[in-house]
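Going by the order they are written in, the chains are A, B, C and D; count residues from 1 in each one.
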């Protein structure tokens, strides 16, 4: 396991709990069991060494894969379990294939709850590589039927493509609950306790979900979300979802609205809305913000 | 129970299964146990008769409530369990209050699955009326802690306000899954079996939910949704959600996008898009649909 | 002319400049030429007195129309030139019709520029009433062919319905320019002077318009819109546009997005986005605003 | 002039009318005055030959630029006047710079009307190159102050970046008018003649614009747009606008909605909406399209 952060560290623990031997490497020497990736490679049982990479997407992942290309051999397999772009997977796999090293990309969902609940897994790669890795996937995925927590989506890249779409959907779901939250909160004459409504939606309703359960936890912890800013970050996968939609001419009004709401949330002042305000002044003849619409 | 359709009929069965005696009235004499609402009123044990109304919103509900106002007496309680607008509840309650008849509005979620799973319930009314009715609500709501399947939201109208928001959220959730579905389907080179991906999202992932489970059922039944039209109806509650957002100046980009997608789905030809096509012809000088953008 | 504010006052001047005699009444005695509406009615030449009402929509307009119903007589005509809802027009007209008083609703566009340029006019009412009023409309509308600055849209209410749609379009147009402005501004390495680009769009381009000209004025006055807040008000007509779209099942993704952007612009902190931030914390396990997406 | 299609051909004519000598090359020998690009280069007066490229973006433009790199010399200038991506300009310019050939990118707006009205021009490149080319730009741009029809936006790529944003705005403007059109048309009881309303908006109103004038032409030609399909194409520039917005974290709710409306317009059946319909069946228990919302 390369990368022992919140995700990689928890996954290593879950694997070990399932009886799978794991050697962990981390860029931070204090967390790492081996000094270098070369040491890691040397420590793994041969043949068919398996290295799971769980580091931030982009340059960090690229650097690790590069180094692994040097220290691994034909027949070994690299699993890219981070949030790489699916086209980066295809490039990376081609490079490692020149040296006979297999490549499997896995989208991993579940966040900090995965260690206990298991992780939802979406894999891309060859049938042979996936079959080799099934004991690992079975250890990581949740209890229950395999096909309800793991899928071999397709060729290399397909795992991260599915994870990208998963995250796009997640953006839409979260925004839908959040809009509903705000609308309930807007009428405190009718709904004095918004948290009680969300709590009651957990059983029997059409909108019940794991995210709803988390919403209830969040509201219970901090009613009115008083202690939290409305600043919302976004990861690459939401952006890629829209880009892929554009590439495939697929309309995504809801997911794009959710992404743009996050962009807006981070603006201390919106240039676009200043422009609208300025325009209204021009035709309405007003100098103040309470300008009347012509 | 007034109205023995898909919802009312199932609810009557669930109530009886819980040992609550129910007399059913339906406009269709063949389904009805009594001939008239007056007969129904006469058949109920006094005092504090309870009549649950479960008929289509609007005129049908208004007609039933009108008649109940005549045949019930002081101390009786009417439950409006359909999808009335929350302001209609307030009007209806005021009218019945003149005769001393109590009024409770209940939003009921769960669809055809409610008979077996129990119904998610959101109620509006006085504390006293709600307390009187708790045995009925306990019989209808799902197993588990009461507060996870039932909520007394606030005064009359509050139950249907919460149900309206619930349905608005539901629109957004469904559209988010649907957009993800289309994006997966657009790349069948990477994702040959979209159903397998949805199936694998059921455990461990952030997007797992009851609607996702239903999506899996739907895809399994009809892969590619070949046997179904893309025509999607909308009920009043989605529209009211947007109207209330406008009244409260709450931005609902996701829920409104979901509603508008349904409007669009029902148009054989979009007047707006014909106008855009015509405009492009004008400045691009093209007579065909493959007009080039200037 | 009832109401001598920015709109009514300018319109009275334009009418007088065209040789039409105008008596002005305003709630503020210092601006008013007569003390009461009764005095106004008495001052007008009979028969077929014409009163143009130009006061804020809602209660102020209703109060004026009420009083005019008392002081006018059969054969007189009231013109409601403010921003009334088209259904309010229908109600108002019916009430005045009981006393034989005619009613014409006129949507007036052009803002503070109208005194000089003329006003775009959209009228609703009977053919006979409109014909009677044509000299007034001809004085107010811009130079050029009558049909390019005035339209008798249809029966009572139709003028304000057209004006409502006009304003909805206006919301969309302004937001489109504003989004483009922000995108230009985001790349000051490529576009050091956004104002120069807008200036150059005034001739020859597809996007040239009067609003673009105003945008150039605004940017020239205050480059970067430094002196203006991003707080943007909205008038009733934008909201009604969405409500009517919902009533007619017409999808309005652009106009609704423009309205919601205004709602958002006025929120010091978005409850919805606080909810999204809280949700992300729950599954990602982060306590800070820079939470990483699971 | 390389490329004598609708745009290039008209521009060559406008240049000649202004007394500028033009030699035209087109891939179609019947339209071309010279047989090859080498012949074109040989025919131009030296030094500082100027070649304006006006061919479709992507591969065709790349092929022409490649060939020009071979047949031109140090000190010559290539103008890319098509709809290239601004980053492609940067790559292309770097390649030509190796041979000492200058590169200027120009976004050209105005469509088929440009020959008569002049073209709105947005240029990117070095000050020196732009200055050399000013006589050409002055011939092509509309009458009036230079800065109202031409802008030197910034370095290479800036011209096409500004044109990209221009087209994004154009998408939003067109959709806003189109939504308004549909909303007027939805109430033919109030608005029997939608064309008359658009016609009357041409003078005095806030929404007057060149696109509005074209809308009037279009409605007059084909009232109700009966002879046109609602299928609307999109060019690369609308898509790039959204991609750049994502790269710069700029929210574009209106422009993205306009793009997605075009995507939707081209779908004979929406997979997403079939999914929503299928979902509603699942929880509502309905087999038909008129399924009732739970």
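The rule is short, and it goes like this: a contact is a pair of C-beta atoms (placed from the backbone, for glycine too) under 8 Å apart; a residue touches a chain by one contact, two chains touch by 3 or more.
Because the structure is a prediction, the values reported are computed rather than measured.
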| item | value |
| --- | --- |
| Selected interface, B-D versus B-C, where C-beta contact pairs are more numerous | B-D |
| When chain A is superposed on chain B by its C-alpha atoms, the rotation angle in degrees, nearest 5 | 180 |
| Distance-maximising chain from chain C - centres being C-alpha averages | A |
| Whole-Å gap separating chain C and chain D, where each centre is the average of the chain's CA atoms | 32 |
| Rounded Å distance, chain B centre to chain C centre (Cα mean) | 36 |
| Centre-of-Cα separation between chain D and chain B, whole angstrom | 45 |
| Residues of chain A whose C-beta touches two or more other chains | 109-111, 175, 177, 179, 182, 206, 211, 234, 250-253, 257, 260-261, 264, 270, 272, 283, 294 |
| Chain contact topology (line, ring, star, complete or other) | complete |
| Sites on chain D touched by chain A in the complex | 206, 234, 239, 242-243, 246, 249-253, 256-257, 259-261, 263-264, 266-267, 270, 272, 283, 294 |
| Chain B-touching residues of chain A, taken from the complex the two chains share | 86, 109-111, 114, 117-122, 124, 141-144, 147-151, 153-155, 157-158, 161-162, 165-166, 168-173, 175-177, 179-180, 182-184, 186-187, 189-192, 196-197, 199-212, 241, 244-245, 248, 250-255, 257-258, 260-261 |
| List of chain B residues in touch with chain D within their complex | 6, 109-113, 167, 174-175, 177-179, 181-182, 185, 211, 214-215, 217-219, 222, 225, 228-235, 237-238, 253, 257, 261-262, 264-265, 269-285, 289-294 |
